[in-house]
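Each of the next two complexes has subunit A plus one more chain, namely subunit B in the first and subunit C in the second.
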Partner chain A sequence: MLEHVVNGLVLGGTYALVAMGLTIQYGIARIMNLGFGDMIIAACFATYVLFTTFAINPLVALLILVPAGYVVSDLIYRILMKPLVARAPDEGALEVDSILVTFGLLFVIQGVLLALFGGGYASYSFLNTPVNVLGTVVAGNRLLALVLSLAIGGAMVVILFRTRWGMVLRAVALAPKSAPLFGIDTDRAARTAFAIGGAMAATGGVVLSMFQTFTATAGVVFTMKALIVVILGGKGSVPGAIVAGLLLGLVETFVAAYVDPGLTLAAVYAVFLVLLLVRPNGLFGKA
Partner chain B sequence: MLELKNVTVRYGKHLAVDSVNFSVTKGEVVVVLGANGAGKSSMLKAIAGMVPTAEGIVELDGDPMTGVPAYNVTNRGIALVPEGRGIVGRMTVEENLRLGATPPRARASEEDTLAQVFDIFPRLAERRKQFVQTMSGGEQQMVAVGRAMMSKPEFLLLDEPSLGLAPIVVSEMFKALAQVRKTGVGLLIVEQNVKISLRHADRGYLLEAGRITGSGTSDELMNDAAVRQAFLGGDL
Partner chain C sequence: MNMKTLHGFALAGVAVVLLACAPLLISDYWTGVLLGMTGYVTLATAWALFSGPTRYISLATVAFFGVGAYTVAVLNEVMPYPLVLLCAAGIGMIMALMVGLSTLRLAGVYFVIFTFGLAELVRQTVSWWEVNVTYTMGRYIFLPFEGRHIYWQLLALAVVTFLISWAIGRSRFGLALKALGDDETVAAHAGVDVTRIKLLLFVISSTIITLVGAIQAPRWTYIEPSIVFNPTVSFMTLIMALLGGAMRLWGPLVGAVPLFLLFEWLSVSFPDHFSIILGLLFILIVFVMPNGVLAKIDDLRKGGRT
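On to the complex of A and B.
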């Protein structure tokens, strides 16, 4: 029982982490990034290469790949998104345009990964030692993944809710039209948010790769799950993404353990449907 | 000095503001009177850089403001309190005020300005942790004016500050604005509420269908036949 709780939290923690990235991109930059999962997978493979070829510890890889995720996303925003933002007459148009462009981005990233690594499963063995937690045995890498998710997710919450920088980003999310009156450069804020989202996708990728196998084509699954978490938590809500992410991880683990591993996705969608019937705007969504 | 020279604003073929000329100096209260659709809001938005000027220029102390993006206009010393107030309802009073101090020019004096705002609006000090959307219209307008003050403006533009407020609240608001003016800020107020705005203004302009059709001191305008006819229903 406790074993499943821990495993559920590990999985849920990573879901929460990546969903936070997606919800920050969507909430502040108004860009629904369908290539998000593929950025996660790209980070998984990057960690894999660093570990297997250069013997670089995934924790050190984090220090390389998170800034890289930030820079790459910043460039993607400048090159691909900026023209869309400039021409969009309203937020709705930007959403539609960005969905189409990031849908293309998805296939570009996936294609590159397929060309480089093929379509097979990849994984590496890092810190695969049993650790005793409250009487149950958990793999060390899973425990580390949980700790990292909580620490990085928590740091993000502190930045958003306790710093001036975070306050500015939240203001852009909540009142994009008024933000310039406060002297806020909304375009720069959107770019920053998109880049932070990319950095969080990279973080999620590194963390996931420590305990899961992955394939070049698995990005879509992560995008879908992150999307479900974002909508479940309430679009643009960071606390919502955390709660919904953990919930989803626990549901998946418990259904796999007690019902049938084949029903995890079905269970996820069942929870999704029921919650949306009760709370159409998500757990923390604004009406 | 804030000066508009032949400023024209167009939305497609629609002419909203038609070669408007006027000026406001620091420490002065100027009101622009006009009916709905006269172009008052468009004029303020043009000054604040939120809509482009089709012709003419806005000058601040002789420097043209053409092409300066809205977020930078605030940093140059012009703050707009727009229609609908332009505040963040889902944030607290204090967060809204501190956000107002985002422009680099206002950063260093944030704490001092905050004290000044709380001095003028003691109610905001009491409610600093309250979410703005849960407050009354008058209190929200205080937050909006306070937020604008936080950017250390030389000129404060207000779009119908009396709109939707009870008469007693309007009167309080204008008294507070008089205190703001004492700090040396120039106030440009567009209003439909002629009586109270002229009572607190030094000078005024009349705006009709995008054009300035009259101007004068508050006393002159108050006694002007055309103003009485158009706005005051002839009985004052």
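On to the complex of A and C.
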């Protein structure tokens, strides 16, 4: 029982982390990124290569891949998203355009990963030592993943809510039309937000790869789960994403443990459906 | 019915007769190509039937397509073929109703997200069912069909799809639809039951897509979830409909024919890099339309009216 709670929190912590990235991208840059999960998977494979070929510790890989995720997303925004933002007559048009372009991006990233690594499962063994937590045994890598998720997620919350930089980003999320009146460069804020989202996808990928197997085609599932967490928590709400991420991780782990591991996605969908019917604006969303 | 529509019908009729005779004259390989093309023309037209006027982007084409194919795989030995098709259509319809009822009254983005994962959900659930309940993974379809038989069925379905699309465009229902596409709020205030119309259209569109999957299923002989729930199908349908223009009756056809031939060639020439090329091509198509896909659709509508 307690074992499942711990495992659920580990999984949920990772979900919360990546969903925070997606909710920042959607809330501030107004871009619905369907290629998000594939960026996570790309980071998983990058960590895998760094660990198995160059013997680089995943914690060190984090220092390489998180800035890389930031730079790559920044470039994607400049090259692909900027023209779309510039030409979109309204928010609805941008939403449709960004969904379509990132759907194309999904196939490109997935195609590259398939060409490089093939379609099989990949994993590596890192810090696979049992640790005793409150009377149950948990793998060290899972515990480390939870600690990392909490630390990085917490740092992100502090940055967003306690710094001037974060306030600028939140202002753009809240009132994109009024923000320029206060001297805020909304375009730059959107690009920064998109890049931060990419950096968090990379973080999620590194953390996830420490304790889970992954395939080149698994991106869709991660995007889906991150999207559900974002909606569950309320669009653009960071605290909502954290609570909903942990909740989803727990639901998934308990369904896998007590019902059937093959039905976790169905359970996730069931949660999504119930929420859509009961609270379409999310747990923390405003009407 | 004026002279122009009459001419249009006569031309379309001749084209259909010619297309129906084609397999008797050309090789089996080209019949196969025609078959695949007709399949995609039908998929793209059915997709545009719903997504064109409502502007809800459905990413779930393959969920319905796969369900159709899988229904045939499961039932082909226990029932006569027409009944199997009927069952497939029924299952597709029920699934569309469930998805539509839970998402179509909300903002469009919820629908997109829901359909985005639907194929994966159905694929995993079917796999789970097969492994844990029926203890079979992968099924065989033994139906006495050659390529041309399947092709004729698809051609008939394509004709029906076009007729439905044409009839909706001319009816009172189509008028409501135009109002809905222009401005949903205004349409709702003018007494259009927005959700009901969206739902009805989604069910019609999805049922046709399910039938395309069901009819094409015998082509594979061997079927398993990873084959029939291939996300590339959703993706290709979307590109074709968008390239041709989802708002016009012939738009999806115009997009589907050249893209299908291109994809056929690409998948043979670059089997390992197919999805990369496909993705880049798709991004290019979205970009080449200078004022965004929605505005492009609007332009096409204005051009189509004058």
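Quick note on the criterion: the second predicted complex is superposed on the first by the 287 of 287 C-alpha atoms of A that agree within 3 Å, B and C clash if a C-alpha of one lies under 4 Å from a C-alpha of the other, contacts with A are read in each partner's own complex, and residues count from 1 in each chain.
Definition applied: a residue touches a chain if its C-beta (ideal position, glycine included) is under 8 Å from a C-beta of that chain, and two chains touch if they have at least 3 such contacts.
Since the structure is predicted, the reported quantities are computational estimates derived from the model, not experimental observations.
Look at subunit A after the overlay: subunit B and subunit C fit there side by side. Within the superposed three-chain model, A:Val259 lies out of touch with both subunit B and subunit C [touch as defined at top]. When the two structures are aligned on the shared chain, A:Ala155 is found in touch with neither subunit B nor subunit C. Of the two partner chains, subunit C is the only one touched by A:Val220; subunit B is not. By the touch criterion defined above, A:Pro180 reaches subunit B but does not reach subunit C. Of the two partner chains placed by superposition, A:Leu59 touches none, neither subunit B nor subunit C.
Applying the stated contact rule after C-alpha superposition, one finds that A:Arg170 touches subunit B and leaves subunit C untouched.
By the touch criterion defined above, A:Leu116 reaches neither subunit B nor subunit C. Think of it this way: put the two complexes on top of each other by chain A, and the tightest Cα contact between subunit B and subunit C is 16 Å. When the two complexes are laid over each other on chain A, subunit A has no residue in contact with both subunit B and subunit C. On the side of subunit C, the complex with subunit A involves touching residues 55, 57, 59, 102-103, 106, 108-110, 112-114, 116-117, 120-121, 124-125, 127-128, 131-132, 231, 235, 238, 242, 272-283, 286-287, 290-295. Partner subunit B is touched in their complex by these residues of subunit A: 164, 167-168, 170-171, 174-175, 177-186, 286.
Residue ranges on subunit A touching subunit C, taken from their complex, read 32, 34, 80, 83-84, 87-89, 92-93, 95-97, 99-101, 103-112, 114-115, 220-221, 223-224, 227-228, 231, 260, 262-263, 265-266, 269, 272-273, 276-277, 280. Contact residues on subunit B toward subunit A in their complex (touch as defined above): 48-50, 69-72, 74-75, 79-80, 82, 86-91, 95, 98-100, 102-103, 106, 147-148, 151.
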